[in-house]
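Here it is, the structure in full.
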Amino acid sequence: MIAVRTDDIDIGKLISDAKQRGTGAIVVFDGVVRDDDIKEMNIEAYEEVALKELERIAQDAKQKHNLLSVDIIHRTGRLVVGENILVTVVSAGHREEAYAGSRFIIEAIKAGVPIWKKELTNDGGRWVPGEHGHGAGSRKHK
Amino acid sequence: MIAVRTDDIDIGKLISDAKQRGTGAIVVFDGVVRDDDIKEMNIEAYEEVALKELERIAQDAKQKHNLLSVDIIHRTGRLVVGENILVTVVSAGHREEAYAGSRFIIEAIKAGVPIWKKELTNDGGRWVPGEHGHGAGSRKHK
Amino acid sequence: MNVRIRFFAQFGELLGTDIIAESSSGVALDSLIKEVASKNKEGYDAIFDEHGSFREFVIIMRNGKRLDMADAKKVRVADGDEIAVFPPVAGG
Amino acid sequence: MNVRIRFFAQFGELLGTDIIAESSSGVALDSLIKEVASKNKEGYDAIFDEHGSFREFVIIMRNGKRLDMADAKKVRVADGDEIAVFPPVAGG
């Protein structure tokens, strides 16, 4: 499943469904709202384009890293501390491919999918600067 | 949880429990019985020692990679194709640490925890050679 | 001629997220965005520098495809175009 | 004097997985394993080469601690020791 959506996802079910013929290794990445003195996070997406980009990244990852299956679910809307922001599940024959594919996907998302995060704090909020914002001022790994 | 056991594990629950104060990224590795023309796999462990080694690896991984939590569950006994052999769940503040810690754990397990796998086929079976068996004849990535 | 302009993140907060701009046909992309952004000084200043050029981190998509910013002055919008203007992405 | 000997994987299939060996005190580790392994030629050959030396991939633990194989001839077992003999590990 490739999705940009508000609802959470059952990661256990994604993992079960990722077991295809030939699967020897599954790697899951789960990005979570961290409690950096924030109350909530609001996530905004240019949805139609973000979805297409995620689909393209999934295809690229499959081809480059010999993956058997790829799921990417990016959530939008208001999320509290501890909630899943991004869940990716990849399956492959061997662990090297699964790790490399998983990493490829998250880096590609950070680099080029039109999604933005705003940290909501007691005194308002701030938009999280992108990691790849050449000239975008401060950069911070999320 | 660090365990060497026959029962399967609820990965979804492990992920939920891994969300601690400061968690921004969770990486899960799930090693699965692959259908290499086999019927089943039988996994044997030198249990007391394997458990101690896993506990040591978890501590090392936490320190070296700044992890907030580590779970390692290695299963033993007869497992059919598609079943989980090894599940690791690590949480960290940031994704770099989570990926590096996850990778460190699986490599350490492959290198030094006394566990063996036998592939059961129609014409008997064969013990899977270790990846780190210097002089152990054929080597094969699992 | 109608062009849909979508601003995201801080740009959307300042300028609105989804705007239908009516304009004469053949207008340059940067002029149209400048005109729409002019209704809010803070919004305008977030996107343009003191010389009226796009700030270097601004990203523009036309119908879902990213534009080379060097072309933003040359590109003429067409009826039905969807133009998206946003700061660096920060998903994941 | 009783020493517990545990063989794992193919060694266990050939020689048994858990053996209590009675022996005179002060016996060398390699002699004890050789004696126990002698009951099955295939098992013996899996662990020892034609010169009676441990094959280079064989791993031995004494009470949960891995032995440097160069010491296997020098080490004397003690009452209550647990000796584990196994091929390269393949978990994960």
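For clarity, chains are labelled A, B, C and D in written order, and residue numbers in each chain start from 1.
Just so it is clear, a contact is a pair of C-beta atoms (placed from the backbone, for glycine too) under 8 Å apart; a residue touches a chain by one contact, two chains touch by 3 or more.
On a predicted model such as this, the values are computed, not experimentally measured, just so you know.
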Shared chain contacts [chain A and chain C, defined touch]: none
Required minimum of steps from chain A to chain D, each step between chains that touch: 2
Far-end chain from chain A, centres as C-alpha averages: D
Chain B and chain D, separation of their C-alpha mean positions in angstrom: 27
Chain B and chain C, separation of their C-alpha mean positions in angstrom: 50
Separation of chain C from chain D, taking each centre as the mean of its C-alpha atoms, in whole Å: 75
Centre-of-Cα separation between chain B and chain A, whole angstrom: 24
Touching two or more other chains - residues of chain B: 31, 106, 142
In chain D, residues with contacts to at least two other chains: none
Chain-level touch network, classified as line, ring, star, complete or other: line
All pairs of touching chains, each written as two labels joined by a dash: A-B, A-C, B-D
Chain A residues within the chain B interface of the complex: 10-13, 15, 19, 21-35, 82, 91, 93-96, 98-99, 102-103, 106, 141-142
Contact set on chain A toward chain C in their complex: 31, 43-46, 48-50, 52, 74, 85-86, 106, 109-118, 127-137, 142
Residues of chain C touching chain A in the complex: 6, 8-10, 12, 55-57, 59, 61, 64, 84, 86-92
